[in-house]
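Written out below as structure tokens is the structure these notes cover.
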Amino acid sequence: MTPKQPTALDLPMIDPLPKETQKYFDICTEKLGMIPNVLQAYASDIDKLNAFIAMYNDLMLADSVLSKLEREMIAVVVSSVNKCFYCLTAHGAAVRQLSGNPKLGEMLVMNWRAARLEPSQVAMLTFAEKMTRASAEITDADRQALRDAGFNDRGIWDIANVAGFFNMTNRVASATDMRPNDEYHAQAR
Amino acid sequence: MTPKQPTALDLPMIDPLPKETQKYFDICTEKLGMIPNVLQAYASDIDKLNAFIAMYNDLMLADSVLSKLEREMIAVVVSSVNKCFYCLTAHGAAVRQLSGNPKLGEMLVMNWRAARLEPSQVAMLTFAEKMTRASAEITDADRQALRDAGFNDRGIWDIANVAGFFNMTNRVASATDMRPNDEYHAQAR
Amino acid sequence: MTPKQPTALDLPMIDPLPKETQKYFDICTEKLGMIPNVLQAYASDIDKLNAFIAMYNDLMLADSVLSKLEREMIAVVVSSVNKCFYCLTAHGAAVRQLSGNPKLGEMLVMNWRAARLEPSQVAMLTFAEKMTRASAEITDADRQALRDAGFNDRGIWDIANVAGFFNMTNRVASATDMRPNDEYHAQAR
Amino acid sequence: MTPKQPTALDLPMIDPLPKETQKYFDICTEKLGMIPNVLQAYASDIDKLNAFIAMYNDLMLADSVLSKLEREMIAVVVSSVNKCFYCLTAHGAAVRQLSGNPKLGEMLVMNWRAARLEPSQVAMLTFAEKMTRASAEITDADRQALRDAGFNDRGIWDIANVAGFFNMTNRVASATDMRPNDEYHAQAR
Amino acid sequence: MTPKQPTALDLPMIDPLPKETQKYFDICTEKLGMIPNVLQAYASDIDKLNAFIAMYNDLMLADSVLSKLEREMIAVVVSSVNKCFYCLTAHGAAVRQLSGNPKLGEMLVMNWRAARLEPSQVAMLTFAEKMTRASAEITDADRQALRDAGFNDRGIWDIANVAGFFNMTNRVASATDMRPNDEYHAQAR
Amino acid sequence: MTPKQPTALDLPMIDPLPKETQKYFDICTEKLGMIPNVLQAYASDIDKLNAFIAMYNDLMLADSVLSKLEREMIAVVVSSVNKCFYCLTAHGAAVRQLSGNPKLGEMLVMNWRAARLEPSQVAMLTFAEKMTRASAEITDADRQALRDAGFNDRGIWDIANVAGFFNMTNRVASATDMRPNDEYHAQAR
């Protein structure tokens, strides 16, 4: 089956895909029921695809002071500021799924301040939002607010890296009109 | 010699470094006369370090429709919008060096519109700046402007990825108060 | 059944409600399966409730050059700029329902530019967005763009009034932390 | 006497006006010496006119925790942020008249922070301004600031509704290039 | 008569004033019926006062491609963007006076786009507004628009200097809470 | 030697220059090794040149509560917000020179928050930045913060005037595409 172009750019996937890539995509199909379009988009450029997967998997799936749900919450809040259709769709679904709370996913997409979160999560999202809107104005006081909310320096590092990452992907997605897989929309409602 | 902390976070480098990392850092010292502080900062977390290096090297050093200088120009313009001290310092130096034109480096740091660039570079930096300020407002017309300026879709992809990347690193650097190596300031003046 | 407070303000509904109001609320329950919280919020103040209902019903339900779907599309786009949780939830559901296209509702909530709309709808939403962000900068050229897209002056009037209305309700909702009924979230997915 | 068009739209008043409307307009002429152009503009569409009048009269003239002057002060401050020529003219005149202080009207039009107001009015206008600029960022702390300044929840409700209303009318006026009656300019100087 | 402090700073006028200054102030009193508070404010610092007067008189009163009214129009539009109470009051009065059109003064204070100006004045104010809001984004195209509207390079120079000057005085006035003389408010209504 | 045009405007220097001006320019050449282009730009208009020089010399070189370095620091921070190529180049060099700290000059150009300054300088630059970005929002609290940091009212006055001045010159320079002398770039690195 030939996937239709996942972005507005005419950059077809390498064909045939390298064996390792094909294997990774087969696992996606098996586990997720789809190959996320972001991966298909990067598959025209295997070095960038591998770098992207390595960074993504480390940030979002590896061990961290932050739970997987918290990392997805950062993803959605950053994407909401940047109004990125792709990332809001894919990571909004992830928040609904990981939290078992569809409404939480909606609130983070629409306006995270509407969600009544615990103080450490408010601190985490406040920092991620400031990084997104006005990173140049971050000072020691902002880092201290995270420490006061219970994060150690490793936690601050992880928040910074996750929030940074989605400021990259949001922009790549919007710059190329990347389209999320239709499957996400109905998930975990 | 023990480097002092490269960020405001108390996250020391893994000690001893993995053999591969140590080798990479030795090459940096040999070739650049220093280990860039961003690498030292990531060296508390080897998986993130490796992912960062892989992505960086692919984007900035591998083959591309864009010259190395053009990629550094994007880096500086994005960092100027985000007012990132680390990246402006390191990549401002790179523009001065690669272009042999110290004034060009200064102009991109201060206000890229002051530089009298050729139309394709104006188009490239206009797109990178819009990605940085208002990525959600990018439409087909913006991509078409790049095509009209002579970029093919691979070139647009590369512009998008480089501009996206510095929107990540600018924010990680500002969020952690990452300090550039002092060596950069006097280079290629 | 006593509804819990629909806003952060302690302003209980008039009890008992005036007969006309009770009848209207009963119709809501029958037709919609709920009394929208915005009506419950206003029901502490019957004159404001009546004024609100009269204006709402005229704008959103009465005859207009604009279809009901188009009016809901304006509602969502305005609410997306203003990041109003209440209105995005309620009117996002309405777009999903009236269009039979759940993805359209999502796209308008997240970033209307991601939706591939016909030119007259693009013109309509461009005008509504400018009214929301920078109404003072609207000039004859903006009105002319609507005429060029096929709207007559009655249509421009209706667009202006619908877009204006949600700039009011978004702000009242956010100012009072108004909460949408939970029923909306799962509707028409 | 045929009034010239009160907006840039070609939407003549219903002719003849419904008896009730004509009576209302006659009262305006008698009491104010003019029919405010906003009413003439809405008179092409009697249902919208009636809804507008009902809401306006309830908000601005009915009983409230807020004095009539305070409601007009909110109107002017909101309109100053939105730079609405119509509303600044009409409600600037109202502030001058109700306060007997022409300079107060001027200061609210130009920059309300220049007026040396009592703390409860500062709190009220700070809230109205935040509603206008950044309603999505309003939190419990903002409502608490109003309570600390002496407003009860009914007062907060009224502030929210008045500030919301002018965010609607400012935008309708600017969207249609609505022109204030010339009479306002010289009033109460 | 001892004037009360014209700013929020406790910086009394030099006493006695230098003979030249006293003479200049006497002429103001005679011609304008007052000593503008900005001059009283600067009179604590005679060198700054003299520099200010020299620059002001050259810019606003000396020969120029621009009429005196046009220079006052720029003053008001710049001050409207910056919301400077002092300058809007004083130069709003000047526009009313020089134009013989009180409404024009009001429109420029409130929203210059509401005034139906001739194309060359629209071009002039568009440039002045862009200088105020986003001077770094001015390019040859903006200067060309002025030339297309009939201004020669001397005219552009004068526009730039007048618009620049009020971006200075607006900020000094707001920074020090400078209060305009009460006389301005009722002038030329 | 005929200097090439220092701006994008075709406004040649008066030729011959008035004797006083020629003498002043000769002193510049002798002391600075160049005639700053801003003076050459103004030399098409001797009255404006004289007013500019008088104001500049009073603000930047005369006695003040502020050191010369502090005044140059304000100049650079204001120019960084406004992204003025001319002023960042010329006054960035001045900060490097007066401080003997090239890195300080760079940091103020790029992001002054990266510099670890003493509290009184942070207060001074915070005020200058707010004057530049949002002068209309300055209140007594902002002036009090300066007093708390050790500035008397004369110091506040001087800060306000220096910060105001560069908000003028930044805009004149950007409006006319004024180019700094090449000599600045390599100075004091």
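Note that the chains are named A, B, C, D, E and F in the order they appear, and that numbering of residues resets to 1 at the start of each chain.
Just so we're on the same page, a contact is a pair of C-beta atoms (placed from the backbone, for glycine too) under 8 Å apart; a residue touches a chain by one contact, two chains touch by 3 or more.
Every value quoted in this text rests on a predicted model; they were computed, and no experiment measured them.
Engineer: If each hop has to land on a touching chain, what is the smallest number of hops from chain C to chain F?
Structural biologist: 2
Engineer: Name the chain whose C-alpha centroid is most distant from the C-alpha centroid of chain A.
Structural biologist: Following the centroid criterion, the farthest chain would be E.
Engineer: Check the residue numbers that chain C and chain D use where they touch, and answer same if over half are used by both copies, otherwise different.
Structural biologist: Here the answer is same, because the shared fraction of interface numbers exceeds one half.
Engineer: Using mean Cα positions as chain centres, tell me which chain lies farthest from chain C.
Structural biologist: F
Engineer: Taking each chain's centre as the mean of its CA atoms, how far is chain C from chain E in angstrom?
Structural biologist: 44
Engineer: Round to the nearest whole Å and give the separation of the Cα centres of chain D and chain E.
Structural biologist: Computed from C-alpha means, the inter-chain centre distance equals 30 Å.
Engineer: Spell out, as numbers or ranges, the residues of chain F touching 2 or more other chains.
Structural biologist: Residues 83-84, 111, 136, 138, 174, 177.
Engineer: Based on which chains touch which, is the overall arrangement a line, ring, star, complete graph, or other?
Structural biologist: Chain contacts: none of line, ring, star or complete; other.
Engineer: Check the chains against each other and report every pair that touches.
Structural biologist: A-B, A-C, A-D, A-F, B-C, B-E, B-F, C-D, C-E, D-E, D-F, E-F
Engineer: For chain F, which residues count as touching chain A in their complex?
Structural biologist: Per the stated touch rule, the residues are 111, 113.
Engineer: Give the list of chain A residues in touch with chain B in this complex.
Structural biologist: 8-11, 44-45, 47-48, 50-52, 54-55, 58-59, 62, 82-84, 127, 131-132, 135-136, 138, 140, 143, 153-154, 156-157, 159-161, 163-165, 167-172, 174-177
Engineer: Any idea which chain B residues touch chain C in the complex?
Structural biologist: 136-137, 139
Engineer: Which stretch or stretches of chain B touch chain F in the complex?
Structural biologist: 80, 83-85, 88-89, 102-103, 106-107, 109-111, 114, 174, 177, 179, 182, 185-186, 189
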